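Presented sequentially are two complexes of chain A, the first with chain B as partner and the second with chain C.
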Partner chain A sequence: MNRRALSLTEVILALAIAVMVMVPVTSMFSTSGQQVQKSRNFSFAAALARRISQHLMAMPFEDIVDLPGQSIHDAPDDGFFNPVLNFANDQSGLKRINASEMPTLHGFLEMNDFKYALSVSNVSFGAGDEIKSIAIFITWKETGRDMIYRTHIYVSSV
Partner chain B sequence: MVGAAILAIIGGMVANWFVMQRRYQKRILEMSDAQQSIRQASWNMIQELRTARNLIYPRLNADKSIKSDTMTVFKNFSGDIVCYYHYPETGEIRRCVVPNDSGAPIIDTKPIATRIDKVAFTSHDLGNRLLGIYLESGNTVGLESVYLLNE
Partner chain C sequence: MRCNPHTDQVQYRSMKSLMEEFARRTQALLSEPGILERRPAWPVVKAGAISLAPFADSVVTELKPDHALIFILALANVGSKRDLLLKALFKRMLTIVPSDDFVRLLSKLSQAELKDNLLPYIYETGNRGAIACYLAAKLQVYLAPEAFQYFLNARIWHQTDLMNLCLLVKPEESKALCAHIESVIPMVEHPHIKEGYTEFRNILFNHLACEPVHPEVDETQTEKSPVSPAQLLASKPTPLHEPSTKHEKPVDKTSEPNKIPIARQPEPEKVAAKDNRPAASDSQAQTKASRSLNISLQESQTKLIIPLGVIGLLFTGCLFYFSWYYSDPLAMPNTPPKNARAPQQWIDSVSMRPVTAKFLSADKDYRMGELFLTRDKFAEALKLFEDALTIDPDHLQALMRSGYCRLKLGDNKAAAEIFRRVLKKNSGIDSVNLYLARISMTENNLEAAEQHYRAEYALRNDLPVGLELANFLAKTGNQNDAMELIAALQEKNPGKMLVLSTEAETKPEQGGEQP
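Let's turn to the complex of A and B:
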């Protein structure tokens, strides 16, 4: 019986075929992973914008002003995000979004560098009847690219 | 012989690559599931809270600082008292209703959401109309707020 071993040429040929098959499969896997992360970041940005819009409805009208891009983590108290939690019965238990008090949330925000900004336009109808048109911007970084989510809300003075 | 050795090495590398890809896909799938759980929980609660009349619990502390808890109680549009609470043993958020007219409290048979590791409902304003919702599932987080419209 003639038992031939594999020749180097055959192995190289097999390897070349394997590489040709593997490259598209690899890119398919990494693309699906990126899509999930992209979708997660976008959903999170939409939720942040919704949160800001809801807080604006409870804020005093005159306190709604332009706000330049500001980080959500390690930021000063702002009425939108910080302080974020307090399980105690007084202010001693206030938790802010920093590495020691909210590690999971802080890690996610820091990794993607989530920021928010407000652009406010006043529309006056006279006799103290005013509307503020507020553009809410959420920005973040994703695989080296700058991303943005934008939404609008209107808040009336009455 | 050399060819067979190279083939064995390549085979090992490919097998290792498959194992790594399997782990990566599992992680991605978990992230996707967590995202879905958070989205579902937020959506279900916000729909009812948005049209609710007022927040009964939690309320701001005496020193006007915000107050958080793993449950919230509010009066809904129909005047029923509704409670959302987290059940950490099963990772569920459940809903209980005390009817406006006479009757025993009713716990919904199906949970509002599952696979939720942490929940915090936070009262943010003196008027008891702004409720912050923090959700954590795995390493995925959700940060929402809802303003009650029907006081």
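Let's turn to the complex of A and C:
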């Protein structure tokens, strides 16, 4: 009967094979996982900036002012964007972005520390002719880096 | 001959008391250490066995198996009487897996006795065959190679039994037997028998059988446990050669085990019919896969346990790590500190270039300057662009716009200098070469103007720049080049009628259109 024990060489060989198999698998997990995260964050930032720009187009001209970096989750209701147009008295059935009403989205925003900010430049040409250049910034944290998405819109008083 | 009931009753009581006494002595014998025949209680047991000799058949069938075996060992030396008793004992006790004590006692029997009295039961299906095979393997009984073919033909084999059967092959004969079995397999017609052959050969060839495997016992076939001496007193005597239980088949001379090897070779069909094969094959099919897997694992785990364990640990560790690292972030709140300072630099998610706070501040002025440009307020715009450049001298678009404003304000020299700085920083920006060409035209530097026009056309390759270059070439006397360029542009824009401008038309405006 063949009942010999395992030699050190066999054990090392098995380990080497295991490592050779695991390294590409883990790197594959790593790359694809990071890409999914980046894509998800970028899509959310772009969608949020677009939604804010739509709101700016619709809101009163004089109400468009600078806004420092504001967390999207758990921020006080500033009657402006937070919580992304879901006002407390909204009749559309939308909910506020907090842990109790929208836990999934709240967790996502909290995890990545999504913030938005507005930088408004107002130019008056006289006779009521004014234009506001508004820079919309969406910032978030991604794999240890601070990311930013920028877009600009121009709103005329006329 | 007429029986006397009173005499039977007396004999019966006498036998019971003797058996009870013998059981007690045997129990004492078994509790003593040392070689069986040298234990202090052995002579007493032997004397008790002799006194029970007239009731030998009853003793063998009614005492506990190990007590009965000691009775046989103590009573008779090797011979036909002992063989008969052993056969009766095996027939009775092979329905349940014997204890290790009983197996140790069996080792007192010679190989010849085991072959003659135990091995014939291997032919039987059910528990007897399986347990007989197991006992033979336990007792290291080796058979002649030709015997295995008879066994394999006799019945349908469970894999555990085949494993035990393989242990009856002498190691030095296994290769030859494998070769012999291989040659026999094609000639076996019955599929189930053939399967047994193949499996037996595989187990033997791969040395899968290392130790006797505990047989699978059908509980429905097991007998009741032996009756205790106290119970015996309350029961009726069992006649010699009668079955100990009612459901057991009566001993039949034709079915009694024969010597090994036996020239009896039951036909597979008969075996199948005898064993009620459809039911048996169904249960075999259901359990075959699991049994096969279990046995393979048992045999291979000693070889593979370390590398498999290490690989398993590594794999599990990696899985845990990656499932943690890439798990849904929503499920693991990781709140950043509330009072964290604003970063001084971000990574632009579109261009993946760093964006500083200084750049953003300069960009704000630049955007305001752009607004003034929409109303052609170049002086105001220039101030804002220069403010932007004060904050961030590397703001290339603000630099270019400041040059444009200076060009529009008539400061060609400063504008040209700014545009050259822009080109030095990035030669791929649109319109810079065009402005420089126009400035060179106004300064009557035709060579520089042509160079900048051509650079701009090479960069943009569009119709307005092409037309301006063609007009410039025509004006400077390069009619052929101008016509050639017009033809090329006409080919690219077939829907338009392209002609060279008159001299009045070709006079470049101050600064041209806004890029």
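Following the convention adopted for this analysis, the second predicted complex is superposed on the first by the 133 of 158 C-alpha atoms of A that agree within 3 Å, B and C clash if a C-alpha of one lies under 4 Å from a C-alpha of the other, contacts with A are read in each partner's own complex, and residues count from 1 in each chain.
As a working rule, a contact is a pair of C-beta atoms (placed from the backbone, for glycine too) under 8 Å apart; a residue touches a chain by one contact, two chains touch by 3 or more.
A quick note: this is a predicted structure, and the numbers were derived from the prediction, not measured.
Enquirer: Regarding the shared-chain residue A:V158, is it in contact with chain B (first), chain C (second), both, or neither?
Expert: It touches nothing on chain B or chain C.
Enquirer: Just checking: does A:L6 make contact with chain B only, chain C only, both, or neither of them? Give me first, second, both or neither.
Expert: It touches chain B and chain C both.
Enquirer: After the superposition on A, what does A:V65 contact: first (chain B), second (chain C), both or neither?
Expert: Neither partner.
Enquirer: Touch test for A:F44: chain B only (first), chain C only (second), both, or neither?
Expert: First partner only.
Enquirer: After the superposition on A, what does A:M22 contact: first (chain B), second (chain C), both or neither?
Expert: Both: A:M22 reaches chain B and chain C.
Enquirer: Applying the touch criterion given at the start, work out whether A:S121 contacts chain B, chain C, both or neither, answering first, second, both or neither.
Expert: Only chain C is touched by A:S121; chain B is not.
Enquirer: Quick check for you: in the superposed arrangement, does A:S133 touch first (chain B), second (chain C), both or neither?
Expert: second
Enquirer: Scan A:F108 for contacts with chain B and chain C and give back first, second, both or neither.
Expert: Both chain B and chain C are touched by A:F108.
Enquirer: Classify the contacts of A:A14 with the two partner chains as first (chain B alone), second (chain C alone), both, or neither.
Expert: A:A14: touches chain B and chain C.
Enquirer: Per the definitions at the top, what is the overlap between the chain A residues touching chain B and those touching chain C?
Expert: On chain A, the residues that contact chain B in one structure and chain C in the other are 6, 10-11, 14-15, 18, 22, 26, 29, 33, 37, 104, 107-108.
Enquirer: Along chain B, where are the residues that touch chain A in the complex?
Expert: 1-4, 6-7, 10, 14, 17, 21, 24-25, 28, 31-32, 35, 39, 42, 61-63, 65-69, 120, 122, 124-125, 127, 129-130, 132, 134, 136, 139-147
Enquirer: Please output the residues of chain A touching chain C within their complex, sorted ascending.
Expert: These residues of chain A touch chain C: 1-3, 6, 10-11, 14-15, 18-19, 22, 25-26, 29-30, 33, 37, 41-42, 45, 69, 103-104, 107-108, 110-113, 119, 121, 123, 125, 131, 133, 135, 137, 139, 141, 145-150, 152, 154.
Enquirer: Give every residue of chain C touching chain A within the complex, in rising order.
Expert: Those residues of chain C that touch chain A are 171, 207, 210, 302-303, 306-307, 310-311, 314-315, 318, 322, 325-326, 329-336, 342-343, 345-350, 355, 360, 363-365, 367-368, 370-372, 374-375, 377.
Enquirer: Once bound in the complex, which stretches of chain A touch chain B?
Expert: Within the complex, chain A contacts chain B at residues 5-8, 10-11, 14-15, 18, 22, 26, 29, 32-33, 36-37, 39-40, 43-44, 47-48, 50-51, 54-55, 57-58, 81, 83-91, 94, 104-105, 107-108.
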